[in-house]
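Have a look at the structure below, then the notes.
Labels A, B, C and D are assigned to the chains in the order they are written; within every chain, residues are numbered from 1.
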């Protein structure tokens, strides 16, 4: 059986990555691609790397065009998905790569995003610890899925094992992320120009304002934390893709190194796409470029009384499009790794 | 009066940057440049950007060659300076860009470096808070100066104002730095190859092992902290130069935003080379490329109960060579900013 | 039937890329990986992006270890393959990614490489024009294949259609290539350090000395040129992978635009991996990252009386490893595109 | 005597670079900075690297605001200068960094730019060969100066010595340039976004359409060529600044290597800012970053019967702002190198 698939926002970076992965998915036929300003133009004009999809033409993003597919992916700016999801109530499976269906708390939505609040959907991070197991269970058979924020899922996967095992204190977390500009999309902003990014490291959204903060708090509360406080700072660096997140947490009193290491090892033993590296081996974003892999390394700093988890993720794959397709595979009972690779393109 | 100057390690990156700045210093004549493996070769073969110094030839790095100058700069690998400094006891002014004369605590030296311990020299970070004022006072008339570690001085300048003012807690600091590879020198190591650095972010020395940790602890104790504990993580990113340090510290109970802001503002009011940016403006490493400027921004995150200080520095200038020459200017009673610029080369 | 495959030089960049592609090849089992200095170490220590091959251990590169496989890939430094290929005379299929079996002219080998000359093997550029057709025909059933030089095949594919059609003059070609450093391998050389490559464009092998020149001449003579003279200049630019070749040739007298365009269009009509872009659309290396695609664009400059062909290739894929595996597929009668993708990883 | 200076287009890249250099010029006071959309805002908001000019506020770009200065620099988009230059007829010295006053041929202007033609001004490339000497002579005492196009002056300086000496054939030139995106200005265009430039090489304006072509033709005719035909291709590469131009020309029959080498050596002997490198030494853009230096290397390829001149220039300095200020120095009788450096910022 071949699934008919529609991808909206197909001229953007997240949409393009969904298409790149779906183009290699044996159970999928990409029948519809939509965009707003670029409707009527060939897809290849906006995604010149997607040679195998050169026959597709961008249609307008309307509920009518998106309806009638087995799977609909929305890769729209935050705040826009909601207006479509209401109209897609007859669609079998809808996956939103935007933020509109991620948060469960209307107050957090109001504070960090604003505008209409939409109901939360199944959160597309299968490996995330939740009460009684992993988020994967909530994705089986799901019909509405919210793909994660790329920074949020990277940090949540980094710290959830320690939270779930009760070995770290979630009330004083610090995460700093080196991120590539593709996470910000194809927006025409001066600070995203190549001349402004090449050869320089630029922090942004410093001091508790980044929109992924409530998503991390929600994920770690779901993993068992009573309260989550996190200092979160992203730094733009000159690489098109990638997130290298450094996350630290205080070690709870009396917890041994073995207990710490076991928390992370047991959390991801058997996982294909989240891998804990051996002690002393550190992750690099190049090693996950184009791959659905999150590479994590745990270091224990007894002088600072903190664990330091470094994590490498391709923001467009495991951070967004790969997570969405992995979640689709789970929802539909397909092999979880179908069309997804663990091997990065390096160097 | 023109000062005769010798620079050892002249074929490396720190040596090259000392020469680039000194070449524009009106009170200086660069009479001697030395190297080890490359002795006998023209300087321009190793520093092809230093067109105005094309007449110089690298000599061997020996105490005899270095002796007899008004100022001697040592830009040698850690552990090598000491063997020269003993022999240079007749030199008027010696400035070490290596680590050998930075640490006051032999135990810290033994743990993080190892090998012979050498006496600490005046620490070349003029703007750093110390008991009763600033480190500048200790540099006036100094004859032996230890230029700082680039990461260490960036983090120390970021956090010292809060420590000195007693508004932050120094026992749970977290710093994560995006750094360019030139800080690691011209060493032939696989992990420093362009193919290994381009398009990727790579952490290293994670978990409390980086050698700049004791230097930061010493600096912040000098600024008034009883105890300093810091989680410190550097991440290599694809830019030749630059440090973008994100440093966070818990806010002490009862401290107001105004008190926090005042601590940093008053610390650097009137300073030429360390500038606190207006609230909401963030530093970028491009803005200090080639400049002796450290740009700092303070954000107050009440949700996380932490201050976040982001700082941009050119590791080779304010981080090393510029700091060394600024310190030389102070030591010799020259205008502090001679040959140094505050304006970066951007974009 | 599953083919047992050995890859030598498995800790290098070309070897790593062979493995990345082969790991996704359904007809292949990678049974042996070898290296020299790193024998005995796990492959993953040198190729941390190849997560699916973490079980493999590097063996020593000896004829004995390499013998007994259905396919042997050699990714060794130039001049080393020959000593192995003699010993592998019983192997069913040997593919050399080095230069040792590319050139047919001993004099050209002596001048540009030196050392022992080895017999030429079937040249692994299937789409290349040759007398009476395409090089593909020579690869069907081949048992010994020489994968191309990455720059050479890019330039040859760019210009061969015009040569074969007799519409350009091959005696005054000019090619200038922007290339990433991975083409130079993992060698520990100062000029390949990240600090020497980031933020700068560096030409090398200027003035007729590059080793790919005789390979281009040979290919274009094979396409029908009586004499081939080419000015060839590579420029290292700060991207890990990729070749953007600009190749120009004089237009023969009386040749029309339509004839020119038809030469290139007909040459690559129906080809999967070499695609001529529509007039006015230009290739970018990002669009072929990780893909086996060569994207070409033809411009006709009547003022300069030259055609200008711009071409984008991933040096490690279509330039080396992808070409090798495409050639293997052809030799063994497998679908030509098996395990190879046309879609690049962008942005 | 201090010159009062106005810089229009001060929020752009060329304007910023003019200000960076002028800020260090001892004979200059920057009294006025203007912009269009950003008038009324502090300069530092748009040029955060120009710390020493933080006191300046952008005024509107009007003839009235620009009038009354000793020197006016125009760094405006092509086609806009003309409307101001008419109104500035009382200004002592006007230097246009745009194209409006570069071309002498109205037909060339009409074909490559369009719109109103403006009279040609003294061309700001002092080292360029012209009949009877160098362009420098035409700049002495000049009151109206057209700064060059960055690509144009780089190529013209590369080839003019051979043209002037009659040793190369100017009717079949080929130049390919690796260029950074800052040359395209701060325009908000999708193809200038960091995600579109990082990790990729992208050609543009291929096939004889680039606007710098007539400027090169004019310069080389000025150097003595009867007819100039040039194939010119720029390739955007991931570095903020820099031009690495590879220019080739056929060697005239009977010309010896010594004659070739002598043509270039004698052309630039004694020049501070245009330097011919020793045989076999190649230029790199890093070596001229922030410097007013053009580094050239001549290679002679007898197989291809072409000279190959590689040239490295900082597009914003020697390519634009540095050339403008060097020309100002000459026009006003100041030392030619005032405020300009030959040493690049590397690595």
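We adopt the following convention: a residue touches a chain if its C-beta (ideal position, glycine included) is under 8 Å from a C-beta of that chain, and two chains touch if they have at least 3 such contacts.
Computed from a predicted model, the values in this text were never measured in an experiment.
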Query raised in the report: Of the other chains, whose C-alpha centre is the longest way from the centre of subunit B?
Result: C
Query - subunit A onto subunit C, rotation angle from CA fit, given as a multiple of 5 degrees - result: 180
Query raised in the report: So how far apart, in whole Å, are subunit C and subunit D when each is placed at the average of its C-alpha atoms?
Result: 37
Query raised in the report: How big is the gap, in whole Å, between where the Cα atoms of subunit A centre and where those of subunit D centre?
Result: 45
Query raised in the report: So which stretches of subunit D touch two or more other chains?
Result: 13, 182, 195-196, 198-199, 238-241, 284, 286-287, 289, 346-347
Query raised in the report: For subunit C, which residues are in contact with subunit A within the complex?
Result: 13, 16, 20, 23-24, 47-53, 182, 198-199, 240-241, 275, 281, 284, 286-291, 293, 341-347
Requested in this report: State the interface residues of subunit B toward subunit A in the complex, per the touch definition above.
Outcome: 172-174, 176, 178, 195-196, 198-204, 206-208, 213, 229-233, 235, 237-242, 244, 246, 248, 250, 282-287, 289, 297, 299-306, 308, 310, 312, 346-347
Report summary line: As the complex stands, subunit D meets subunit A at residues 13, 180-182, 186, 188-190, 192-199, 238-240
